[in-house]
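In what comes next, chain A is part of two complexes: it sits with chain B in the first one and with chain C in the second one.
So, the complex of A and B:
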């Protein structure tokens, strides 16, 4: 295996942020072999890049379908030459796609407009657009063609549709942030992962699951529990059906993050399941000391089951695993393996450097090639499975210039800035959102000052940052603070930091799914709004200013940008005043309060507001509290 | 001569006998009511507790809500879910199956639990919009879970995660102690302890209320003119017919006419009925404190251990009031019956001292 050295970035040039082009040289020295030397200017204009996320091969093997996440299209390429054949416009922010069993139709989930595009693969035209659940993220039709399953990230479920009409038959509850699916080769079982952890008691290691659906009955028959896991992505099933593999994150969120140098933030792991591992779940690490495999995302098993390929989006590599050796290793050794940074050397063959933010993987039908979509580089890396080396790179047509926003996004998603390349911003802000975890961040002792991770959408006008309000602006939050406490290294140059901040401030709020189409309020929401804005309690007594919901949670973002003591300090907290969090998409971001101790919105007031310091609420009936929550969900 | 006289005497006696025949009661034709062989489950053969509040048939699986956990019988083995598995409370009072998804909902003394794929999620009055942790009844219709609690009714939409609460502030409910619920796509009924029956029309979203017309707690002055009593314990709405149990008799309402059932003029073994479950518009099972009763629209049958000697008994009462004891060798585990569900031709019965499987014999 290649010897790795830590990364360095050199940037030169000058610019006026967001306006002027600059010259910058980025030399990635993450390994002895440079990844890609990008010499280009960064421009302030907002450019739309293809951003390939997933790939599929047509039934006859002649076409390669590429799902382009930012340009809202499916590109059709010649599978042999990589030449562009056609572009098919779909809905907004497509996230997943799949072919019908006979290959005649291509289903695309459009995550921001909650639709499914149906493409006829003969005419390469969209023939139908169906409305589905909230933030549909992947889709699969069962072999018998009775059901079309759609994993919805925000509604935490799997919708079961009629594959001919798109009519929804039922919804099956899945894990929180249901996102990726795989069918067993016999088509009888559907396995579903989810990217946010399931609710668990505070403070506790996170828990996730692989939801198992019987495709004949379209019913959940099992939920394989994944202990200490938060963030499960693609999964693959071997052709003999005996082995399943899921890519996942194993956060160590209750260990102070200051211990990054001791491997104290995340383990990047795989979860194995199926008959090959005794029908249990076995977690195996991908990391090696000083060679982390940050953020495993895509997984693919070769048809002969000899190799397993894993895309590691943070490390910008594809990890190649010898599957027989892996199975032999776990049968000969005693679990748990996850803490053993020497384990992966027993089964990882090599780590192949690819482009920025590698995501979806595809093994060609003959097993001779593996392709990986480099989302933030608009390329597809082609790996020869005989040599496990890059054989070619397909460049997708798109803007030639590198924009400030794209560079900022690359900075957000890479792990190269942190100590040993362990983590990146996107580790805790999955797909630029949040992770549903509470973290022990500061080097002030185990279990002190636990803080909840917050959403980073629509950030402008919500400063200061951190729960203690200590960082007045994003350059402070993302610069010195992040470098000192998170990355444990100091290596952002000013322009990179400026681009990162520009990217983060550009993140829009996701569409609020609780708002009615015309933004009118339901009766319950309207009653809740009255409670939110009330100045007199149920007994006719005036509510002091600071005890009104609308006082601290004022303005369009729902924050007055000040700190208050709302009576939520715990014995492990060093302070009692906390920054007023914005209410943007508050329904999505459980747990709540500064330390994540409230598992639900209800608990903020039913458990943690005994003295009415967090708003006057103890006079409310249960009906009224429910109404208040219905209104908050619209924010 | 002597023989002649004897012959005449015998003939006369025969004539007299024939003449006397109309005065002997004709043999009663006993109605054919279902016979069951009961197999009983207790802690001795796998149940976590003998006190079984509720039972639910889920295909080949049987769920039993006991005083000490939720047990499921599958492949001839019992498995028990407890609070360690996430169950809201050890005492499981009510059960409902979401036939669409296969999820099971359990109402407990400490909240509402959903069992899905072997995993439990729990909703309480603190972590959710549930109005009260004491959940007496639960029923599923479409995406909505209807709940009867000690502080009113609730509706939880599994798709939108919205809770709607129903109580004295927004319905004609005087008391908020809600004992039972039966939800269908057209109507939803709540059995409100001390406040009769509440009806919700799913189409018009309007509430209506049914009360005891005489308002008497001990007397029935207006029989068959309305609900038999205000203290309702359960409701069952099937084939557009409402069955209601109370602690003072039971009722059937077809949307136009009420019919009341009391021990004095029916085969009910007791007026104290914990639960009624309709099979269809004309057939129903009554779970009383003195045995399990079946009504086929005309005749009655009661299954129980004898109240005097504990021996298994089956009592059939026809429409004319003729009562016949049918010899049987098995009976439900106890005569205090709390719940029932159907598995094809078989029945599963929750009792105060065990769960019983009634296997249809004929």
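So, the complex of A and C:
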């Protein structure tokens, strides 16, 4: 009875509680908001966007010149209001430009037609177009106006031209993929960077350089070695000439790519040089422990040398650095700094979010603003240097619609899909090409199946992908494989993946500089073609079908899309059959073979083909091999 | 008798709810922002790390709507640990339908009030957190304490992940002998959890990270020392947590924690960040013996009370609002029972310079009784690299030995590798700030086959050997 009584009280209490609570809950209003649906609306048309890449301010500061990479033009804007004033059509795929010392002429390098446009800044007309080297990427005239220097990406050199006539005086050897230049304030020295590492065989660390040219003599006077660097972009020199800064990539291609945390694939760094750092090179990281400053590209130093701005194209930010703090940090601490991801906390002030693929930077003459060209957004972000906040955005006129190709390109260049935003496709495919590196990927085991990175131009009809031919198509290559073993983070949705693949398949082969007009062949190339297609060796013996160059490297792309054992298996390789690589622009893509073990085309046959398994070549003379190479360069 | 006990446990709570005047004093930035909080007559901070009950006198979830607090699931005998789904539509929580039940994982739709059990276990399952791609992580009570487990959330996915985090069903994530208790799911997809430091062998609360497939376990930061727990990631990416002396935070640029200059008080567990950047905190200030819910604008000197109960601790606030979905982690585990570990330079450590030259490493595991079992040794190369195959899903510890077999350095605590995991260590306790040097480790120039340490070595440490490659 007593027990029942207690139970009744309990039940009564619970009942009150329950009824009250239910009543309250019933009248409660839930305020959860639905998640907005993502509107894509991408169009299939091939639209031409301006794609601003670099900017310059006119000598009087009134005009802003914007180099538009995709629409092949220089846009002239009012520097104060951002209003469009004029468009000047230049050559194909302009990549770099600069003003003459007096500001009267604007030189533009057109990278895909190997020309240089000379624009009169008074009339805003192209007054001359000169033919220059292979893939001219930047141009600078020395202060004395004796020479015009042009960095050529494909011929890996700096052409020295007569600035009045454009006549080439000489070529200076620079780093592989020579692309960006900066003059010392006194005009005596020219510093040149390059986007592909200089040739070195795995497992050596990639090596790059800053080529230093004496502008008075037009001669290379120094090559500052940049250890373990692959991919150096813009550089800037402080107005007092005591500090140089170059934006660069520090890959981890020699360490198995097991995970991305702790800078597992890339670090994003700056190389400092000059009197301020003891006339040595000092590498400093831009990354943090959980956030990366992916792909530093543009650098700009304020006139008072208080701030350094860096555009990070993959992260879509501009990194702001306190230069005095950076120099103090370097002087007070022992190098190396690059392996400390917390180092940047000592000198990075802030990171400013800008648009898609921020590239060229410009500090206005009075130092009050920094402008950044957002290439894949057709905007220019304007940063107030007092507050280091975005003060305005200039929208360039262009297509209002977002095309599938443009969205695919944005996807290719962003780092947002990878773990902590460390890498994007363009890290290893610089400007949609390759990186000249070999990588140790995790799924095959540590130290096993080292693979050379391949060019991604003209991909259609070259499947399957991967050196083992394991991926039948690009959606597989860029979808599950990339998500799992590269990004280590959730990948694109299906539509985005489709757009990315569409973009990649749209990449044309860049003009082949070894091809004569009309596809005629030089005598050496013609002899090489005969060797490539021969069926009988130099001793009159028939060459078995599978041992002829033209058998596996058949078709318009130079691949039969099958795998073969060509005797190149290394002890660390799990398999002996490798996918037949396409020959598209093969002259550019050293090193060769699946693991990059052949530093040159010649080494493929002279070092790595002892048993003639990679085609019958051991009967060929040195001259014949040269001819074969000459022919291959036309592919 | 059981009903009687239930009655006495529930009644004080019920009375408290009905008659104790809640003291909501400030609205959140708008009255439309609802908050769910756990109310308990007694909350014992860090009890979870001892495998004990955090709410020994029961707990109930309260929904604070327009400043008024009401029970969220009054039909439950106990409820706690709310976690709102990313779209703000539902809430997952630990609940007991009847008082004698174990804590189980339940889900409530916020519209329609539909309830469903998410995970059924025989033991207590607590602190559920939503993971992306249809999974949940929670703490399962075992004989050794709490264990980090994961399971499906029971909702069919509207898409098929290219690389699912794991196969469907239950997945054990933590393999430490100590307690592991989830705190938050970070935006990069990793699970933030608290355990002891040294891991599996300590008494200081510390925060760790693990991928949702149980791989990649590591300390969030290696400036160990002060007990820290109850971490929450803010929209900025910083992680705010409680430590004995107040609040502190981890930031992406720094390798060490930074104290948060919050008003002097005792803080408890996780916080919630409002859309305007204010923090909802569980705060106890003398002479009040209970934690109240307070709103603090970082940088200011005072807090405003959102809700205080005379006889209740109010802890673990969560906002009822949509929030960004963390990134799904695609598991890359191989179908192996073992794992491969490559150390790039074992000489590197935050612990300073070694007193000798490392010649070998010794791998130990823990048996069921917690005793160390030597699995064998492997050579350390001149550049400090070594490559070993270790048993997966079991606590392991590595010691550096000199040529005479003397221990030069021993790992702090016990960590684990998932079966099928391949992992690289930059050094031995180098901290997450240390990145790798770009070079081929010497060990891989000799062999790409790891030294097999998956079987107990019969001779154990009987034969010290010289350094060098194999």
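Definition applied: the second predicted complex is superposed on the first by the 590 of 635 C-alpha atoms of A that agree within 3 Å, B and C clash if a C-alpha of one lies under 4 Å from a C-alpha of the other, contacts with A are read in each partner's own complex, and residues count from 1 in each chain.
Simple rule for what comes next: contacts are C-beta pairs under 8 Å (C-beta built on N, C-alpha and C of every residue); 3 or more make two chains touch, one makes a residue touch a chain.
Model, not experiment: these values are computed from the prediction.
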| item | value |
| --- | --- |
| Chain B versus chain C as contact partner of A:172, first or second or both or neither | first |
| Touched partner set for A:602, first chain B, second chain C, both or neither | first |
| First (chain B), second (chain C), both or neither touched by A:209 | first |
| Touched partner set for A:223, first chain B, second chain C, both or neither | first |
| Contacts of A:629 with chain B and chain C, given as first, second, both or neither | first |
| First, second, both or neither for A:96, with chain B first and chain C second | neither |
| Partner chain(s) touched by A:615 [first = chain B, second = chain C, both, neither] | neither |
| Per-residue touch tally on chain A - higher for chain B or for chain C | C |
| Common interface positions of chain A, toward chain B and toward chain C | none |
| Chain C-touching residues of chain A, taken from the complex the two chains share | 3, 6-7, 9-11, 13-14, 16-18, 20-22, 24-25, 28-35, 203, 205-206, 228, 250-256, 258-259, 261-264, 267, 285, 288-291, 338-342, 344-345, 348, 419-420, 440, 442-443, 445-448, 479-480, 483-485, 487-491, 493-494, 572 |
| Residue numbers on chain B that touch chain A, as the complex places them | 100-103, 114, 116-119, 121, 125-129, 131, 143, 151, 158-160, 162-165, 167, 169-170 |
| Sites on chain A touched by chain B in the complex | 155, 157, 170-173, 199, 209, 211-212, 217, 219-223, 225, 514, 524, 599-600, 602-603, 606-607, 621-623, 625-626, 629-630 |
| Chain A-facing residues of chain C, complex | 3-4, 6-8, 10-11, 14-15, 17-18, 32-34, 63, 65-66, 68, 70-72, 74-75, 86-89, 110-111, 113, 132-133, 159, 161-163, 188-189, 216, 237, 252-255, 320-322, 327-332, 334, 340, 342, 344, 387, 422-424, 426, 432-441, 444-445, 447-448, 450 |
